[in-house]
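Note sheet for the following structure.
Just so it is clear, A, B, C and D label the chains in written order, and each chain counts residues from 1 on its own.
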Amino acid sequence: MHLELAAQLTIDGLLLGGVFALAALGLNVIFGVTRIVNLAHGEIIVLAALCASVAFQQRGITPIAMLPFAFVGGAVLGAILERIVFQRLPSDPAGAETTSLLLTFGVAYFIVGFSLAVFTGDFRSTPYLTSGLQLGPISIGESRLVAFVAAIAIAGALAVLLRATPIGRALRAASQNLEGARACGIDIGRMRTISFALGSGVAAAAGSLFSMIYAVNPDSGSQFTLLSFSVVALGGLGSYAGTLLGAAILGLAVSFAGFFGSAQLGQVMPYVIFIAVLLFRPNGILGKGAA
Amino acid sequence: MSHTFFSRALAAALACATLGLVVPGRTFAADQSPIVIGATISQTGSYAVDAKYALEGYQLWIKEQNAKGGLLGRKIELKTYDDASDPATAVSLYERLIDQDHVDFIVGPYSSAITAAVANVAEKHKMPMISPEVSAAAPFSRGLHYIFMGISQSTHYVEGAIAIAKANGYKRVAITGEDSAFPRSIAGALPDITKAAGLEVVYSELYPHNASDYSAVVAKIKESNADALLSISYFPDAIGMLRALKQANVAPKLVYFAVGPTELNFGKEAGKDADGVLATTNWSANLKTPNNAEFASDFSTTYGTPADYHAAANYASLEVLGAAILHAKALDQEKVRDFMANTKMRTVLGNYEVDPATGLQLGYTSLTLQWQGGKQYIVAPAAMAERKAIVPFADWSKR
Amino acid sequence: MSTLLEVDNVARSFGGVHALDGVSFDVAEGEIVCIIGPNGAGKTTLFNVISGVLQPSKGDVRFRGRSLRGMPSHRIAGAGIGRTYQVVRPFDRLTVLENVMVGALLHERGLAPARRSAAAVLEAVGLERFAGAPAESLTLTQRKRLEVARSLATRPKLLLLDEVMAGLTPTEGDAMCAFLRTLHAQGIAAIGAVEHVMRVVMSISHRIVVLEFGKMIAQGTPAEVAAEPVVIEAYFGSAT
Amino acid sequence: MSDRRIAISLVVLLVCAIVPPLGSGYVQSVFYIAVLYVALSYGWNLIAGYAGYLSFGQVTFFGIGAYAVALGVTRLHLPWLLCAFAGGAIAAILAIPLGYLMLRLRGAFFALGMLGLAQTTRIATETAPFTGGSSGVYLPPGSNTLPAYYWTLAVLALAMGLTLWVDRSAFGLRLRALRADERAAGTLGVDVTRFKVIAFVLSAIVPGLLGGGYAWYLTYVDPASMFSTRIELQTVAMVILGGIGTYWGPLVGGALMSQVSESLGARFPQGHLMIFGGLIVAVLIALPRGIVPAISPARARRAARTAAAA
């Protein structure tokens, strides 16, 4: 295998990893604090992608200009969901986990129905930044490069927010020890809402950028949920560095497996790795998994 | 333990059960009640996007026919349900159309999976059913007597593109497409067709349904340095593949995406990247077929968007059904069936003629179109071509 | 009395942190041993190792001469080691009787015999009035007794009681002590893990093991241990 | 001790047995879909309701059963009923190793791990040489509604029987104990892994058997329809609405929802999924245990019975 092909596949793999990381970061934020795994994560990404593509077709707003709006929209949606849906979880941990799973399942079902009603079943995407940059023999898709840079930026911003700002420290305390944080007077309820808002906001921002990369319709959500899970499971729940690393590994695996194996093998890679990682390294590579 | 709940559940179960028994049959006088045509459409689920204008195709024919006094002096009505792209739902809805709504005739649903399941209902009730949206042969050649193919066979779809490749000396062919029923019905026939045309297949692999990434497939196409790319794609994967080609700066001399680019919003989504892309359609507004021009203009004035081949195929299927009813001079299923099996007639799609034994379409041919300057033009077969095919596919840098 | 349980130089660490280090002691049949140590001294970790929830990093645990290494917790329970938990949590959506029946089903074949023996155990711990009630409706002390009843129903030879005294009023503590003595009478050995409550511990224990930061700092009869300077300094402050 | 539930279940099954042949083709197909989804719900309830492991991949076994009949009939020319039985057997045999493997996961990871398993099986069926790949398999055409229906009804009876057995057996009691607290159940002598795997296998046999009937009913199978997440998610939604982990939950949720989606779906196709999603969230908030326990608190009834016996 000559050098040029290896370089191209590596670049494609890393860029794909950036896309995967962007999808998974939001999931990590929510799980980190609330230990709730949001099954509607993919649906929020797809809803944002659909809005972004309509905004572009009808008002010419580019997906990048849409980022802040998507983030705020996603954050508001996340806060509402957390308030309405998750404040009523039963006290015992096993019951809470099952019920939160069922609740987010119901929310996902609702969002798919809502998207169908508003956007119909059509596949939508945004024809923006569709060309590729040429670096000698290597070509780099512009939209994926943007997603890669955005993933690094958002992960960095999250890391800074969690370490440097008071809210961030409170969030981190809550994620490490809920009882301890409550004992220090941190309003756990507010922290849960903020983490949901933040997580859903990041997911929506990812969705806005994805409209440049994928053609999606309301049914495409579960695909992104499963993809984000594979990344977070590989990288370890609650660890941002883990998410980036997990995403990179997955992207490379899909890219190389797709070339040397078959396209089907590439498509199956996330699921296979997801199941393998969970069985042999339950906490993922860098993560502090569920107790 | 409270009895009330269970007695209520029991009563509900019984009520629902007797529904079928006692609902009075629709009594209607011999002639002036409307002739009702029933069908299911995939408005939700995975087939929703392809079956977009199926409903409008039916509605337009009925509107025009009613304006001409309907059939046998009776108004025509359409009764449709959404089968949500699910075979079991479609079967139940066709049973409902026939047993419950007492429709007089039925027309086929979208996709070979649903048609294969619904064919049993048609056979059981001995009601002829034209399938305007199924071009794969498999559902038909199974000893069925009541279903007929209302569109050209999928194996002919690629002939135009192959002829263009042969004419321009593009010997090295890469074959790909989505791994699902319709694309496989074509990709399966391609090796023989390409060999017959003296072309060499240098790469052949299908990508999975709703693939998340095409860069690996494109990398292999690049490695194979194929001259012609034949990709049997629907709309979303055609867009995905086109973008992956552009981002990898891969521009084979001939690029064909089967039915994906036939949809008008392929141009909207791809913009000027669409120029040069070849595709297959079964209909064009400029076809020299009987009242085709009226159909095209009537469709765009009524629905504000130009017709596509789905709408034309559905319209043509009712043209055949209408002719069969007129010929039978009565709502006689067997006479209509025999007419559909043996007639040779011209519709907006062209010459309708099926093999009486299998119901496979022999008359209709498919056309090859090319995106040029943001619009679609028929480029093959020569007799119906509006413009010459522009080849090679322009490099990404020169667009 | 033949030795029932041998804890032989057991150690357990969680990524560098030594929760237990070099703990060794024996328990004879019917003997009551109390393990004393502040919170985090490794009492619960020791119970987790003995009951098979955790495997020891070093050392071994033998029960009636047979090593428990690698044995899953359900087979250790089958061998005759019952266990209660510091954080008491009954099986929700099951009634009090059903909670105890789960334990009884270890040896009983079928629901009817299990129901009978569970009812008998409920009576022994004085919860028979609540048999049909949902387990979540019990008070803390009743839940503690339910926890003991569940394990008793498995007919254990050795019962591990994790903080079973904590949170009980003096009278409830005495009632629990009386109950533990009946265990001794039935030949059931017991290891009680206790954070303090010295008076009760001294009165019912045949032997005492003192743990601090995972290490054994003293072992012996209540009198011997009380005389240990290390223990006095840790628990009684300066002798007043 | 006669359990009122057996009597009522038999009545329901009897009604479902008598009515369809008397009704029109439409009534038969409506009964088929309702009975199919109620049976799938009972199957799914065994692992999710009684063992507390939410699976989003039981449709894997449904697809395996469907392909057992499709390939058995078209390639081996065996009678379809035999193949349908074989489908259940194959599902059970595969469920044992898969159970030991997947049940090491918990909560959302198990749920999505199983979803991944279903997707992987679909893609494997699409690419495997002997399964006809994504072009699917055409069975001999014919209106097999009634034979497929009675097979499905028999499997429903089996699934209800299994649920009743689990609900009233020593196995079921210990299974429900491990649902509440696996570690505590383990130290009370419950072989947690083996019990979970048994529940998983039972929960795989039911869809494994049902798949064969579905293939015979449609006379066409392809990976996308047989391993479809839509079938899985609709089953999950039904059990949640009816009442997860209860005996009547799957019947109420299954019957109710398949009827509502039948009529609702046809009238306004775009909106009805949204209504179901909203309904699920509302039910989960208002009635955490689903509709059934809210109407007849099963626990109070069962408690009264055990107290009387003590």
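Please note the rule applied: contacts are C-beta pairs under 8 Å (C-beta built on N, C-alpha and C of every residue); 3 or more make two chains touch, one makes a residue touch a chain.
Keep in mind that what you see is a predicted model, and the values were worked out from it rather than measured.
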{"item": "Identity of the chain that, by mean CA position, is farthest from chain B", "value": "C"}
{"item": "Innermost chain, taking as reference the mean of every protein Cα atom displayed", "value": "D"}
{"item": "Chain pair with the higher count of C-beta pairs in contact (B-D, A-B)", "value": "B-D"}
{"item": "Whole-Å separation of chain centres (CA-atom averages), chain B against chain D", "value": "34"}
{"item": "Distance from the mean Cα position of chain C to that of chain A, given in whole angstrom", "value": "46"}
{"item": "Whole-Å separation of chain centres (CA-atom averages), chain B against chain C", "value": "72"}
{"item": "Multi-chain contact residues (two or more partners), chain C", "value": "89, 92"}
{"item": "Shared-contact residues (touching 2 or more other chains) in chain A", "value": "116, 120, 262, 264, 267-268"}
{"item": "Interface hub residues of chain D, defined as touching at least two other chains", "value": "123, 126-127, 179-181, 270, 273"}
{"item": "Partner chain A, residues of chain D touching it in the complex", "value": "52, 54, 101-102, 104-109, 111-113, 115-117, 119-120, 123, 126-127, 179-181, 229, 233, 236-237, 240, 244, 270-278, 280-281, 284-285, 288"}
{"item": "Contact set on chain B toward chain A in their complex", "value": "43-46, 48-49, 52, 179, 205-208, 210-213, 215-217, 219-220, 223, 235-236, 239-240, 243-244, 246-249, 268-271, 273, 396"}
{"item": "Parts of chain A lying in touch with chain B, wherever the complex brings them together", "value": "5, 8-9, 12, 16, 57, 116, 120-123, 125, 127, 130-132, 134, 139-144, 213-215, 217, 219-220, 223, 227, 254-255, 257-259, 262-264, 266-268"}
{"item": "Residues of chain B touching chain D in the complex", "value": "1-2, 5-6, 9-10, 13-14, 16-21, 43-46, 81-82, 84, 86-89, 91-93, 95-96, 98-100, 112-113, 116-117, 119-121, 123-125, 136, 138-139, 142-144, 179-181, 184-185, 188, 206, 208-209"}
{"item": "For the chain A and chain D complex, residues of the former touching the latter", "value": "37, 39, 84-85, 88, 90, 94, 97-99, 101-103, 105-114, 116-117, 120, 222, 225-226, 229-230, 233, 262, 264, 267-268, 270-272, 274-275, 278-279, 282, 290"}
